[in-house]
């Protein structure tokens, strides 16, 4: 042991030097220094830009940003459009679609993801084959798969026509052509894309549950259904919340989904707020309105996400 | 965890409930597999058909006379803008942009997660909350201000080059894209690593401190080598997102020599006025998606494992 | 001057005070055990000594040098963690050598040091394994090896045995004691297990709620607990703490213990602590350890003050080396420790000897010892 | 911000100029002509320039009929990296010119005599504040019918001269079990067809007042209501799956003989050409009934940006080449459109092309050349898109009556102005 000791004592750190305090102070600040660039980037490129957007929404920016504040006309227009339901204004369509799409997309993805994960967790042979099959849609850009879905859902080209050729002539499925149902086809394609990923999250959650809890519940006489409903699903709560965050973020950013699949739908009936925002900012050269819609989107997200973040981050004090 | 199906009752019937159960389960799984595979199937069969067959035949039918022509054309002949050399050249553009962007954003996410869990300071939850919320910003609304800033950086790069002979990549479209993807990928990478490191034993960090390891030594020698699962998850997530990004790529790197794969693919697939070659489009789409598909298939096994290891914990 | 000195140490998280002015010291080669229930601040105290947590107020000195603001690696300490904190990505040898590597010790010298430690701890055959391939006991040894190889001024142990099974725990306890004896190092050791504390320590600090309740040698702590908490916490089976009143006449006091459906027992006190007279006919807590409450034959011969009383035995627990008998006094179950061969039946009455020399008294209001 | 950008750019370019005194022999070109035929057409220009020693830096961004490209352009301009030129449409050119980011081609224009050869209607968009800022590449005309000749012969139809003729023809097709009208149910296609309907229903004067001058009286007039009613009538001849269909699929229906006619701009001819069909024998091109003598146009322009001085020579060369007669002829033969100058010989053009050129010339001289509202040549994008919204909602039934449609049209246009 003595040999070791001498070597250690030889190291220079033990000699107190005048510069040491500065250096040690630097050491203490190091974690913050490391985090600082990321944080600064976020502040500038996210929150700075949000402020910029808020500012623009109070100007009368058209094709290009203009910086003279002209009041809340953009918001007044959006507010008026919010209540124009017959015929529906594009904004009314966008926000009602967001409600329908957001709810169904998140709900079905969660339900289907959980269902598939439970099925896959039953000691399935070929899980290694099935899992990537469920997962791969997430890997593809919707620029690509949108075309395939569009064909498949088109009554004249896809499923309906195929079934007619096979002899089931009474089959009728023309949602993608119907202004009242087109948003549901967006849900179908969206669910196809994301549910596999959610499945993977749930599968991971299921695999993380202590097997002894399950055994105990079985000994207590729980049926498989009860086992999942009473024991497993409550234990998956954190996964539900993570999946919700992922899905909410995907739902809000679903832009190419609508464009590639429906080109906006009959009479613009498939629009989501992100389409509205893009259309007004870039296509219609009404940047102020586009910015105002972005601000309203962000405010809605804030109202939904912030309470969640607050509760999640508060739960683990140290 | 794995549930043992409720033991079959010792019924007198020949087929046990368990067998019926298994059949139902496998049936459902197969049915959903079909649902997920269907678009891929449509794309695949279409890519092997001739245009005549596509226009006159059934979308779901197998090709009558399979042809590789569309694939060859997509790879080496189809026109992207005025250059008709297929999409093969754009692979490299995407790769040299995606790999640095993924690595940098992942590494920064890991460092952030490390600081936010193991070197906590007053207000760390607020910092994390702000970074996480950043995931939700709609990209369309950052397009223009970001362009303005990238433009200023580019001009600064020119000044720098004139003064020093080096522009440090400022103004280079690939560098710009890497920067943008790092900026808007940080929220998610930080979230993934923070949740993972939250469950990472703090005693290891303490032990390393006592052993005299510095902040970075602990990160490099202790944290990183034990972060493989979450590394896989983050890399897959970032890789697919960045590879598939079109908005930023088209806005900041549309020029021919830096144009990433998605923009090239979009130029092949989306024509304004002109003839649409669906078979070539589908083949091009499949080729463009190969790297992401490969990443999923190769790393897919570790994906669930990685998610398990902490990414999904609240 | 002591080797390790902790003066007026305070630690606050926001408005919460975790450590409320700790004063402890330890001579060179000493073995200080910090013991207390979970949440008492003992691990925090250890961490502040290690430099893993900052302190709000006060001073820590090792060998005369103030180390308050030094980085952990510069305090010349080594630490063994509860979970062992072995780096999962490194081999055993890598784990042991990591600290030296960080200091830039040449590879050959590192190897020598590893070999030496491996020999001491008999883990030579494990050196190339990863921690996941080791058993709990082996991990424990490796963790100690990692600490030993540094040959530090101060060893810190954070509940190192709590993850081991009972048998292994005893073995390792002996191992640690032997190590301490042979190397003569100074050790600070955190545990919630009072047996570890008693067997290992040269000094014990019993902590509760961020305060040191009592600081002293194991014997002092055991025999002269300063308050109810220490009395209750230290010793197994725990000290009997029986609600009682002080009775007696004139100059001789006695302890009166109520019994269910029986006459109270009155034990005359020969040399009662002077403070006790103030509690005449008032309630007190009467503390007597099980070994001081025994069968008259087994009672300590040279004890000056033994009182005997008939007690109704409710339960008998033969434990092999001893037999424990449970009776009810003052509304509480009271354990007596009898010889292994004591002939005693539950449900009968038997005389028990109270060794009042070893008895202690507490003020129920302040919970402090009455002296 | 733009001003700041400009100063920044000027600074940057000044420095660049100091560093490289020599001209940059390169044009950077943003466009969305990415499909085979279009790219081939544009390649002619690239080669013309190559002969003069100018390199071509291609910036193709396809999608949404130029939407993606315009987004990219906006980002490039915001960043201060102007391309040499960008494909642009109508009012967008003027927007950018107003923002002060366009270059000045007047010198070239004077030398080449563009003032005389380019129709005045086009000059409205290529000249800003007396300065040439864009070079028009072609003129598309949207009031065309594209008819499958075999089907036409089968049902014994003849060229419809009035709207009622057209309805009668469609009825014949319906009776014969053919889809009468091939339509892609995307808002721009519907609105493009409605441009023709309005011109046919109200006549040239009405179209101009309503869709170019945005005269509210005309917009809410009974003629406009009648136009909507006519549109509604047309929509009854459409197959049920039309919604969301791409325009080229609708064209394919006519080519294959599944449908009789498509109302579409002359870019549809490119599809017929690609399918190896000849005008006159395989397909017929007629003006939309009741619009003969008028041309509702849109035009692709190359907007020229205010590039650094060392790139101006290349820009001038690009502009000259773009409006050269040889390129105008070669390009437009392939593209299906007609040249943007009226003095190009029509020898290489097919029958439809020849007719288109003659019509353009006549309309230019007769004052019946009108910008298409649907294609962004009638009014700024905000108005044009509001218009497309209303038409599309009317076609798809969100707006139920022509009265309501007119009210909506007026308020939407008012809102967007």
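As written, the chain order gives the labels A, B, C and D, with residue 1 at the start of each chain.
Everything that follows uses one rule, which is that a contact is a pair of C-beta atoms (placed from the backbone, for glycine too) under 8 Å apart; a residue touches a chain by one contact, two chains touch by 3 or more.
Here the structure is a predicted model, which means the values were calculated and not measured.
Asks: I need the chain pair with the most C-beta contacts, please.
Replies: Greatest number of C-beta pairs in contact occurs for A-B.
Asks: Farthest from subunit C in C-alpha centre terms, which chain would that be?
Replies: Looking at centroid distances, D is the chain farthest away.
Asks: Once you find the CA centre of subunit C and the CA centre of subunit D, what distance in Å lies between them?
Replies: Comparing mean C-alpha positions, subunit D is 90 Å from subunit C.
Asks: Could you give the separation in Å between the centres of subunit A and subunit D, each centre being the mean of its C-alpha atoms?
Replies: 38
Asks: So the centre of each chain is just the mean of its C-alpha atoms; given that, what is the distance between subunit A and subunit C in Å?
Replies: 54
Asks: Whole-Å distance, subunit B centre to subunit C centre, using C-alpha means?
Replies: 56
Asks: If I count partner chains per residue in subunit C, which residues reach a count of at least 2?
Replies: 71, 73-74, 103
Asks: Going by the touch rule set out above, which residues of subunit B reach two or more other chains?
Replies: 144-145, 212, 214, 246, 266, 269-270
Asks: Please set out, as single numbers or ranges, the residues of subunit D touching at least two other chains.
Replies: 1, 64, 71, 74, 246
Asks: Quick check on the complex: what are the subunit D residues that touch subunit A?
Replies: 1-2, 64, 67, 70-71, 74, 77, 92, 95-96, 99, 185-187, 239-244, 246, 380-382, 385-386, 389, 392-400, 404, 408, 415-416
Asks: Please output the residues of subunit B touching subunit A within their complex, sorted ascending.
Replies: 1-6, 22, 25-26, 28-29, 32-33, 35-40, 42-43, 46, 58-60, 108, 111-112, 115-116, 119-121, 125, 127-142, 144-146, 149, 182-184, 186-187, 190, 195, 198, 212, 214-215, 240, 243-244, 246, 262, 265-266, 269-270, 278, 281-282, 285, 288-289, 292-293, 295-297, 300-301, 303-308, 311-314
Asks: Over in the complex, which subunit B residues touch subunit D? Could you list them?
Replies: Touch residues, subunit B against subunit D: 55, 79-84, 143-145, 147-148, 150-152, 154-155, 158-159, 162, 246-247, 250-252, 254-257, 263, 266-277.
Asks: Considering only the defined contacts, which subunit B positions touch subunit C in the complex?
Replies: Per the touch definition, subunit B meets subunit C at residues 201, 203-204, 206-214, 217, 221-222, 225-226.
Asks: Flag every residue of subunit A that touches subunit D in the complex, lowest number first.
Replies: For subunit A paired with subunit D, touching residues are 62-65, 67, 77, 87-88, 90, 150, 154-156, 174, 176-179, 182, 259, 262-269, 278-279, 282-286.
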